[in-house]
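Chains here go by letter, A, B, C and D, matching the order in which they are written, and residues are numbered from 1 within each.
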Amino acid sequence: MPMPTEVHYHDYLQLDKILNAQSLESEKHNLVAHDEMLFIVIHQAYELWFKQLHHEADSVVAIMSKPALNDNSPELQTVVHRLSRCVTILRVLVHQIDIMETMTPMDFLDFRDMLRPASGFQSWQFKELEAKLGLKFEHRHGKEYYTAQLRPEQVEIIKKAEGSQSLLQLLNSWLERMPFLKEGADNSFWDNYKKIYGGSLADAEKNNQSAFEEIFSDGGDTVLNRDTTITRSLSPAACRAALFIMLYRGYPLLQLPFQLLNCLLEIDEQLSSWRYRHMNMVHRMIGTRIGTGGSTGKDYLKAAAEKHYIFREIAQLNSFLIERRKLPALPAEIEKHLGFGLL
Amino acid sequence: MPMPTEVHYHDYLQLDKILNAQSLESEKHNLVAHDEMLFIVIHQAYELWFKQLHHEADSVVAIMSKPALNDNSPELQTVVHRLSRCVTILRVLVHQIDIMETMTPMDFLDFRDMLRPASGFQSWQFKELEAKLGLKFEHRHGKEYYTAQLRPEQVEIIKKAEGSQSLLQLLNSWLERMPFLKEGADNSFWDNYKKIYGGSLADAEKNNQSAFEEIFSDGGDTVLNRDTTITRSLSPAACRAALFIMLYRGYPLLQLPFQLLNCLLEIDEQLSSWRYRHMNMVHRMIGTRIGTGGSTGKDYLKAAAEKHYIFREIAQLNSFLIERRKLPALPAEIEKHLGFGLL
Amino acid sequence: MPMPTEVHYHDYLQLDKILNAQSLESEKHNLVAHDEMLFIVIHQAYELWFKQLHHEADSVVAIMSKPALNDNSPELQTVVHRLSRCVTILRVLVHQIDIMETMTPMDFLDFRDMLRPASGFQSWQFKELEAKLGLKFEHRHGKEYYTAQLRPEQVEIIKKAEGSQSLLQLLNSWLERMPFLKEGADNSFWDNYKKIYGGSLADAEKNNQSAFEEIFSDGGDTVLNRDTTITRSLSPAACRAALFIMLYRGYPLLQLPFQLLNCLLEIDEQLSSWRYRHMNMVHRMIGTRIGTGGSTGKDYLKAAAEKHYIFREIAQLNSFLIERRKLPALPAEIEKHLGFGLL
Amino acid sequence: MPMPTEVHYHDYLQLDKILNAQSLESEKHNLVAHDEMLFIVIHQAYELWFKQLHHEADSVVAIMSKPALNDNSPELQTVVHRLSRCVTILRVLVHQIDIMETMTPMDFLDFRDMLRPASGFQSWQFKELEAKLGLKFEHRHGKEYYTAQLRPEQVEIIKKAEGSQSLLQLLNSWLERMPFLKEGADNSFWDNYKKIYGGSLADAEKNNQSAFEEIFSDGGDTVLNRDTTITRSLSPAACRAALFIMLYRGYPLLQLPFQLLNCLLEIDEQLSSWRYRHMNMVHRMIGTRIGTGGSTGKDYLKAAAEKHYIFREIAQLNSFLIERRKLPALPAEIEKHLGFGLL
């Protein structure tokens, strides 16, 4: 360890950079608009937090990329802890919209035209984050549109993220590796389960039975992919593992995996809340006018809010649960696998 | 004033009633589900707050119903204060969904089937509130559906609210009575304004010009109603008054009216957030299963979240603002009207 | 399962009771104060949530009371889940103060005198909850005062809670039972740890070394109790186990215990935030006037906020951590105990 | 207006500066601590928002400094709007502590020692803000201590703010200028009021009567200053004006002044919540250890939370209200002054 030099708060946080990075367009035009400072500061605060979200996502992706994530190491706990921190950050980002809403439409008009064509759509950090988590290019709303807004080097960054293993893909591999119910046991367990599930369906829900087949049966995957234009991200084996985790989350070994799945759903939910409140805010701010980036902001955000659920295939699994008291008991040897060594 | 008798917290709050109003269905079936208590308590807390929202809405409606709401009385301030309280309450109600989300789908399954066909759709207080604020029956999603869920006496309550003057209608009358820019002055002002507005439009926004005509011109109203199936709630005169308030909110007389319009938009926004988070929560809880009330809960809530903006015509006005520095100066005599007496 | 009878939302939630439990004192005096409804409703909402907190606390106490809480059962997970729900509820209760703050002091004055001597101090549910969690009578601020406010049967309820095993006491027993580092291994491990900890202290922190002794050494307890008037709730053995959990939380077996300790600290923090915001609100509402219950409300709440940290002995342990990279490695056999069976 | 050049989001927000201002000490020591990034980013986010708070406070101070703030101009509305935005920002800053709390004490220990002696006490922006709002040097906790932590040029900045007219002082002048109840009318009104107030006091509150004298009587000020070591910031005349505003807030002219007073109390409350949660967080993070800045962090924050109420003299006025129905009616001519011109 090198000689400790004295660290000063101001230098450590590089406040000379941070606090001198606000330069108002309206000032350049000699039409100072008081609220432009807010506009800049809030977007910078968002980008700072996006950087932090990337820091967490990168570390999680790195851990999940290891060939065998060891269940006895602290790593899975680290993954859950950091994803859960992402949820906490996203909650604050949603709340932060309250601040933007203190800017009235008339106040925004004072400098709106000076910003063209700059626009929130140009936040490549946010798009890169979506890609890193698992949003595929083909699932994006307004595909060409969004790349057209960005600089080549920024498109490059996002393409790279889209080309790498996303958290969703890594989750799929990790779920497929989950060690319970291997081979034959697997089949008889799920056959039984399918029967119980079928029996629990109301008449109007009967088509859930074929959905079950498509999602959880090894052959089903093909069927599904043939029938729809949307490629699934989770294989039947991964879906079975995830459902198993949800059903038997009480066992020690399944506690963290369950928390992991839950965190991903919460991330989706917060991202969705953020897009939704953002959409409402834009609507209130510019109505049916055209955004600084040239789009009808509200419509884009609305479509994105509806299409960009990254972990929807996990959320979907909740349609296939059965009541706890009807759950098949697990064979003793599996139970043992799911418990602690000291037994 | 009668002799003060001693008041005790427990009696005053009638806690014997409040704390003995939880009776678990799962207990009656001898299949006690721990989380059913949460399910009951959270819905009761919602209904308590709905009662409070009615208390505020009723008082606001009563004030707004007076033939001439006196600008020199505290009444307009009272209206704004109470609507703003409604926003604060709604924020807590949105936050409260966090508590519901601590119930996992498996925990809900433990007692879900025992509740059929009870369902959140049967909250007549919420529907009555929507009606009181201004949601018309013909704008509701799933019209027949929602009445079918309720008891006759509850349908009666909502019908009565739908038949009475709603806050939105009272707002329309109040705006029409606003005393600025009467008669001739009115016409020349708005002709001028329309010209400036037209000049501020980007090419792709040119159809906003005809929308302007439809919304703000006295003839426009008829045109609009002929062309669409949706009846407007705000007349052209009311829309002009509201736009005027937004544009010249800096004048003392327009401060509270501006806050009033803003409160209504915030109420809509919080109601919308509530429906949206509610929808996400239901989706996560039952997936594509059918809700206890027999509906595919998510779809209803989604459609309602999109259709049930009660004050959308006010929000829409934000599309017709112009930059403050381009605003026409007001004639001195009008300015004087908008100021305090002590000048 | 009995024949399912149709359940209706209105009856299920006993809304006839809930929505007819608001009776305004100011109405009885023919001096209707609009805001008294808010005052009643918000306190009822608090009491409803207190009931729910009791429901969760009771279930947690019941699980922790079992002679040997089995680490391989879902029970510890259930404990953590429910305590974490308590935190979520408490967050909403803190937020709810925003609603109370929409009542201005002048609005409160309209009915304040009619409520005497009723007062929030008479919420026996809250006091019972504090006792159930572990607040001892001798640690309470204003001991006689608080009992004087309550009815005999309510004092009885709280006394009973104070006489039963509190969550804090059950936590102590559970920590003492924790199976790691038994006997001799224990001593040499902690001797070593104490040395490392001592080396990490700055000069000004040297008295932490004797505090370490007092808290973690089996003899220390006696020393401590002799020196102070305050009886400790956690024994040295329990404190060692808790510190061990904090230090080695990465091991699978320690994950839930760590989450459990964290939840307790968060409960304390939220209770503390609630008291603090409550105090600020009371101060703003009545200033230096005397509360309806006869107390100078602010001072009581301030003292309570400072004294009523129920789990302070756990928070205190954070003073005795060392850097992760200086942590003694655990013997292989202990490591094995802390991992899953499938290894 | 210059030729509009194209503005790009990335350049406009100077993201090259913002996103490259994080340099980890732990990386320099080759002991990378994952959570140090969070530590940096959250402090930078705080400082960004502090800059925004200064932007708002400066504009408010500039408006309030004008010799005669015109009641018929939009300026008072602007003041209230911007102070209310400060409250919204502060709420988010309080919420943001949730994010910091996702860092466990063990995670902080990984890099804590590398930061010495940097410390949050070195946020000169925050101290400057306190001074600008009205916190006097002599009211600060740990006077010498806090200057010792800062660099000379930073101390200079704060001294300059302490030497300028603070918002609190400007408020005092503005209140003194308020035009109601001048001269003789003033005396008889307040004599009458004092009598009514005295009659409303409970026996135990009788010393409030002399406090009334000290705060509101022109001679009282001297008495008070003689008796205490603490200089008051608000003169008796200003206090009378403020109390008048609170009592008669229903009149149009008093609506914005009332909102202004309320905003100041909310700012104090949020600052206080922030310090309190911060204190709890520090306590949980380092317990009784010494902070990186060399202080026992918790104690400083606790004392500051208690002493640094900037607008306490306004809060105090709530002790001197009387019931609305006992309020003296105002003479017609004053009433007229408090209303709009159009009557």
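Just so it is clear, contacts are C-beta pairs under 8 Å (C-beta built on N, C-alpha and C of every residue); 3 or more make two chains touch, one makes a residue touch a chain.
These numbers were taken from a predicted model, which means no experiment stands behind them.
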{"item": "Neighbouring chains shared between chain A and chain D, ordered by label", "value": "B, C"}
{"item": "Numbering shared by both copies at the chain C-chain B contact, with half separating same from different", "value": "same"}
{"item": "Farthest chain relative to chain A (centres taken as mean CA coordinates)", "value": "D"}
{"item": "Relative orientation of copies chain A and chain B, as a Cα rotation angle in degrees, nearest 5", "value": "180"}
{"item": "Chain A-chain C separation of Cα centroids, rounded to whole Å", "value": "33"}
{"item": "Rounded Å distance between chain B and chain C, as computed from the means of their C-alpha atoms", "value": "38"}
{"item": "Chain A: positions in contact with at least two other chains", "value": "31, 249"}
{"item": "Chain-level touch network, classified as line, ring, star, complete or other", "value": "complete"}
{"item": "Footprint of chain B on chain C - complex, ascending", "value": "1-2, 4, 6-10, 12-15, 17-23, 25, 28-29, 31, 34, 37-38, 40-45, 47-49, 51-52, 55, 59, 81, 84-85, 88-89, 91-92, 95-96, 98-99, 102, 114-125, 151, 154"}
{"item": "Of chain B, residues touching chain A in the complex", "value": "31, 104-106, 109-110, 113, 202, 204-205, 208, 211, 246-247, 249, 262, 265, 269, 272-273, 276-277, 280, 283-290, 315-325"}
{"item": "Chain B-facing residues of chain D, complex", "value": "71-74, 77-78, 179, 249-253, 255-256, 336-343"}
